[in-house]
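Chain nomenclature is as follows: A, B, C, D, E and F, assigned in order of appearance, with residue numbering initiated at 1 for each chain independently.
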Amino acid sequence: MCLAAPAQIVRIEEGGWLAEVESFGNRRSVGLTLVPEAKVGDYVIVHAGFAVEIIDEEAAKISLATWEELLCSTK
Amino acid sequence: MKQEQVLLAHGDGGQLTHQLVQELFLRYFNFPALQALTDAALLPPPAGRLAVTTDSFVVQPLFFPGGDIGTLAVAGTVNDLAVSGAKPMYLTAGFILEEGLLLVDLERVVASMAETARDAGVAIVAGDTKVVERGRGDGLYINTAGIGVVLPDLDGEGASLDGSRIGEGDAVLISGTLGDHGLTIMAQRAGIAFDTPVQSDCAPLSSLIAALQENCLGQVKWMRDPTRGGVATTLKEIAEVTAKDIVIDEQALPVRDAVADGAAILGLDPLYLANEGKVLVIVAPEARDAALAALQAHPLGREAACIGHVSGGSGQVYLKTPLGGHRILNRLMGESLPRIC
Amino acid sequence: MLDEIIKPLRDPVRGRQMLAEIQARWHTLAARRGRPIVLMEFCGTHTVALARTGIRSLLLPEVELKSGPGCPVCVTDARDLDRAIALASVPGVTVATFGDLLRVPGSRGSLQEARAQGADVQVVASPLDALQLAIAHRERQVVFLAAGFETTAPATAVTVQAAARQGVENFFVYSLHKMTPPGLRAVLGDREIGIDGVILPGHVSLIVGRQAWDFVAEEHQLPGVVAGFEPVELLAALGLMALHWDEEPQILNAYERVVRERGNGAAQQALAESFVPVDAHWRGLGLLPGSGLALAERYRQWDAVVQFADCWRDLEPPKPIAGCRCGDVLRGVCTPLDCRLFGQGCSPATPVGPCMVSQEGTCAAYARFAVAK
Amino acid sequence: MKQEQVLLAHGDGGQLTHQLVQELFLRYFNFPALQALTDAALLPPPAGRLAVTTDSFVVQPLFFPGGDIGTLAVAGTVNDLAVSGAKPMYLTAGFILEEGLLLVDLERVVASMAETARDAGVAIVAGDTKVVERGRGDGLYINTAGIGVVLPDLDGEGASLDGSRIGEGDAVLISGTLGDHGLTIMAQRAGIAFDTPVQSDCAPLSSLIAALQENCLGQVKWMRDPTRGGVATTLKEIAEVTAKDIVIDEQALPVRDAVADGAAILGLDPLYLANEGKVLVIVAPEARDAALAALQAHPLGREAACIGHVSGGSGQVYLKTPLGGHRILNRLMGESLPRIC
Amino acid sequence: MLDEIIKPLRDPVRGRQMLAEIQARWHTLAARRGRPIVLMEFCGTHTVALARTGIRSLLLPEVELKSGPGCPVCVTDARDLDRAIALASVPGVTVATFGDLLRVPGSRGSLQEARAQGADVQVVASPLDALQLAIAHRERQVVFLAAGFETTAPATAVTVQAAARQGVENFFVYSLHKMTPPGLRAVLGDREIGIDGVILPGHVSLIVGRQAWDFVAEEHQLPGVVAGFEPVELLAALGLMALHWDEEPQILNAYERVVRERGNGAAQQALAESFVPVDAHWRGLGLLPGSGLALAERYRQWDAVVQFADCWRDLEPPKPIAGCRCGDVLRGVCTPLDCRLFGQGCSPATPVGPCMVSQEGTCAAYARFAVAK
Amino acid sequence: MCLAAPAQIVRIEEGGWLAEVESFGNRRSVGLTLVPEAKVGDYVIVHAGFAVEIIDEEAAKISLATWEELLCSTK
């Protein structure tokens, strides 16, 4: 029920409340309050104008590997 | 002009209207029959059937990456003529100005119209200006009506483009990427604005379509510019008219990454975003490759693709998903509002 | 590059491989069970994604995917909409809200229709934009109509804090925020429905954490999986659930790249500071104890529910919408196809019930992504 | 239609647009090329020179004694073609609807357009609908563009109507009373409204003008419909074009008592009030009586009068007052605002 | 029937007969004097009527008709317009006024231009309409910008009384009302101008009475005539003045059908109740003692000059309009033809000074009804 | 400087504050406060939405006669 899209932090405003994020060339300003530990270069999930979580790139890779392992076996 | 802004008096048909016409419109639109300022322009008898169309343009913002309301007003009407198989010849231009519009903005738009008309090889032959009170317009609305001529060599036996010749197996082509204009405009809207590298695709397609027709004489069965409502709505309409199904391959749809991402941000679907410089074409299967080549050889058609085919059926449009599923595409339903959930 | 994260999750080759495997596994499980297996996806975005990718139809008949009440727009009570419309019609008041809410019918029309009659309704993409609107128009009272589940509520929480910090006196929040665990609890507690497992909302989960759903396994003895939204992620979630089908019910996480065990602490803290749980009316589900979020007492000055109570004092209570089975659809008791208005008077262009309004509403998803026969 | 009001979604090109077109516009406008809903209407090759014109209509109120915006939108464009010597044939219609417009009001307007088009013998061959947000329109704006054909028998040698044949001594005729439309509209305006027995004169003049041309073949030198800016502004424009003077006799001007009185109430001058069913005609002196008789024989020209003549000069318009004084008439200057002092 | 009263006054046959007689009489008088006789018509409506009927040109060269400052729009001070514009630009405030005032330039544009920039300016035909506007839009503050001489001021007087009686709290009056005798006194007291007689304003006179002008004869030793506005009435006034030319200066009444000796008592009483005389700035004439009408203390609550004083606290004082000779035109020191901007940058469509704005402004009357050479 | 037009009173509203007046078929509502003695049938001068004076028909006739006497004599 909650549309959210991934984007990368390219700049954090002074004060740390706002960040500029980028996704496939699209740039927008989002609130950073909900992910205080985020830093430039991080990928985040954006919803309703706020970054709501940081994407764990490592976990993404592991998941994918696991799924291939477990679920592409019939091939 | 002394005034910097449009006043109501610019539309009362008196002195200020006269000045606006003389000092602005006639400076850019220099067709003799228009300059005469008669009630109607008199034009030589045309050499074939007439094609006639009209559209009003109410886009906001007036200026956007890739064009402005003036480009759009000319290109939109030119394209409706071109996709009807006609050579666009003449346009009329009706301006509805909102009190307070900056005259420099009006001039920019008028200059765009003149330039786009020149590119498209059409003349603006008649015009009108009205001014409405502030709060009863939106800066500037433009209506254009277009007159084209179906030249006899494009108008041979059986060359009707109304969709009646569409048959099973025909190929569905698009001249380029989906949704660039719609996404550009949505990204500019107050309340939801974001920066995007996407630009409107708005452009007159007359030369692209002329090139296509030359290369596929008589084999183009149907054309349409997928504007409001996007590719999905346009395909649904022709599917209903023909009572045949159209099957589109989702993976074949040319969509820029930034458009796909921008659409995801807004909760929209590129299949329903407006295009202003694209043409959907249905051709006989044997003409598919030639048509695609003709489109791709033109600067405005480089990203042309074959996106599907016509099959027997009952007027449905199916989208084949990458996983092999099918879903039905209907008309756009309800205003496209950006969503967050 | 985002590409490296996202593109593999959309890879059709990998997707089709996984699909084949998963179809086979569910085929086996359903055959063993002697009937189709019924899973509920709670989340409206899942409803849409399963339809859009074709997965819903590709799993039939072995797996029936039922939609739950996971669209915050659909579960918004008609009474709240009637109030929002009353508010937007007051001269000097602007109601700012997400685009989704504009077309939801209250009992006397929608915000969209009210706007056509002159009410001031503005679409925003973020509560921060509504706050900006208030700052730019000090002469107006700007009410942010705040709908959404736990994913959205923290944004509102932080925004009201900012309004207070900046002393913006013409900004107000009408909170329609709801919490999903009580919603799911209500659905699962209902004896009318028979489901075998639950696909849990990915973006709510990144706020509340995977463990927030353990009650599904522990109290209802149902397996669950937290799923993402890309085609490969959806397939993975369905695949993992099938793999673990024979084990003790548990809540799996197939969206580990963003969903942590305990969720987002900062967001949970923001919620705790700005809101208090209250009983809330869910359309179709009724009054669910502790399922709503009202502004905390310290933000009373910004609470439209308190400050504008006069505007709806004389509103009549909403009447049910004749013939609409949204309530049953939201509880998973029936599918939209069972509603006699579906496609016959109720369509996305002319929605009768709220489930037809949001693109994530179950009825809308059925209508838009109508499965090819 | 289920909705009672126009919503933004009626203009998005999707399902509601489709319904509006099918269930309203096509019900009233039943020209085959329009019903085909192609991008452009295809029409048979015309038998002479084309006349092309456009006007937008932004009148308030939408409905007024004697007509409505729909009558006006058709009559106005038909008249611009007719005064250009053309037989009006085809119209396009572009609608800009404001969110919240009542659909019953739209239907009334569309019905008026259909009826007026029938009266005038023209077909509405192409259309477009846009919807703008509430507060960015005024209920309904209509643009019409018109195409006429200058039939060879009206188009003989030297029959140009652009004013170039005007000479000293030519007679200036008007087909009826001044200012009826303008006064009717002003009397309806919020803030200054009063009840008046005056009705708008809006009407298509194609048959009146055809009758005039038949009776005075080749002797009509110029025609124009004195709309915005009124008779004074229209005469000033042709005087400037010809660089001759025009002398008008104030006592010869047909003005209804109620129009004169209403204009006095508002502080306005009937010479500057708009007309929507009148034609100013300049004819050779020897054709004056025949022209007047032809006009007066037609139901729309009963109160036609000869109001002045052309004399040598430099592009001025003089009004001879009943006392024998002269004053100069210029273009309307500045918005017509009702005044109290 | 009105016809019976009005039509004889417009009868061209009678008019031409009178004209011949009157031309002859003035011819004789001017010849005797050895120079043209200079009359001033104080009233702008007379300026227009004399031009429109051609009488002005038909009396030349024996009689030169000079225009006085008798257009209330033209004499409105730029400072007042700047304030009105400031007021109209305040969110929530509507300025309602007569159409005439919209195009008058202040020192930073006109109300018309302010409206184009978003200010809320409404045209009304009566102060009662402005009051109705306030009643219909209780959420707005409606300020009636009240311009006009004694003819118009009683309407404002009665309207503010009605507002008070009905307790309409969102209605205000910004009074620009001025009294004509002080204006005429200022003109006649000026040594620069040489005039031989005065045509007195007909509609002001029906309020103030014929006798209000006796000072012209008594103090300034000039003959005067109160005139109506129909062609025959204008001619009669000029004729009567010529007939009595050789007598002791006196104030004749050629508009007896409506102008009484002492004027309209009810109207005078309304003025006395609602207003108090104050010094007022007249454009071109400067500050004239006791020539303005301010709302009386008891209507303070409805007095925009008091209630909105904050809105113009920071306004800079107006700058004079470069090149414009309106001041001289208003005092009759020169005619518009003597202004080098006349027709060269200053025209009714693009007015530079206030005398070009109102149709009754002298410059506008000259431009509109330009006399055929 | 004050545009004003004649009209005939055709109806007086209850209370006597407002009247409907007519001139050549045009009808409007005007304030009557400034001519409290006016009655139905009277001709009045209307300015800014108010009747500001009653036309004295007798005086009108006399004036006209006087003027013809004095000023049309050359004929």
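Observations
Operating definition for what follows: contacts are C-beta pairs under 8 Å (C-beta built on N, C-alpha and C of every residue); 3 or more make two chains touch, one makes a residue touch a chain.
All values reported here derive from a predicted model rather than from experimental measurement.
The minimum number of touch steps separating subunit A from subunit D is 2. Ranked by distance of CA centroids from subunit C, the top chain is F. Chains joined by the most contact pairs: B-D. Note: the chain lying farthest from subunit B is F, by mean C-alpha position. Remark: subunit B and subunit C have CA centroids separated by 37 Å (rounded to whole angstrom). Separating the centre of subunit B from that of subunit D, both taken as means of CA atoms, is a distance of 31 Å.
Computed from the mean C-alpha positions, the centre of subunit B lies at a distance of 62 Å from the centre of subunit F.
The distance from the centre of subunit C to the centre of subunit E, each centre being the mean of the chain's C-alpha atoms, comes to 68 Å. Of all residues in subunit E, those that touch two or more other chains are 44-45, 71-72, 98, 112, 125-126, 129, 148-149, 151-152, 235, 347-349, 360. Multi-chain contact residues, meaning those touching two or more other chains, occur in subunit A at positions 1-3, 23-24, 47-48. Residue positions of subunit B with contacts to 2 or more other chains are 7-9, 14-16, 133, 257, 267, 330-331, 333-335, 339-341. Chain pairs that touch, as defined above: A-B, A-C, B-C, B-D, B-E, C-D, C-E, D-E, D-F, E-F. Subunit F contributes residues 1-4, 6-8, 23-24, 31, 33-36, 43, 45, 47-50, 52-57, 59-60, 62-64, 67-68, 70-75 to its touches with subunit E in the complex. Residues 1-3, 5, 23-28, 46-48 of subunit A are the ones touching subunit B in the complex.
By the touch rule above, subunit C contacts subunit B in their complex via residues 3, 10, 12, 15-16, 19, 44-45, 51-58, 71-73, 96, 98-100, 102-103, 112, 122-126, 129, 133, 147-149, 151-152, 231, 235, 347-349, 351, 358-360, 367-372. If you check the complex, the residues on subunit B that touch subunit A are 187, 194-198, 257-258, 260-262, 264-265, 267, 339-341. Within the complex formed with subunit D, the subunit B residues making contact are 7-9, 11-18, 36-58, 79-81, 83-84, 86, 90, 92-96, 125-128, 130, 132-133, 135-138, 141, 143, 145-148, 150, 161-162, 224-225, 227-229, 233, 237, 272, 274, 330-336.
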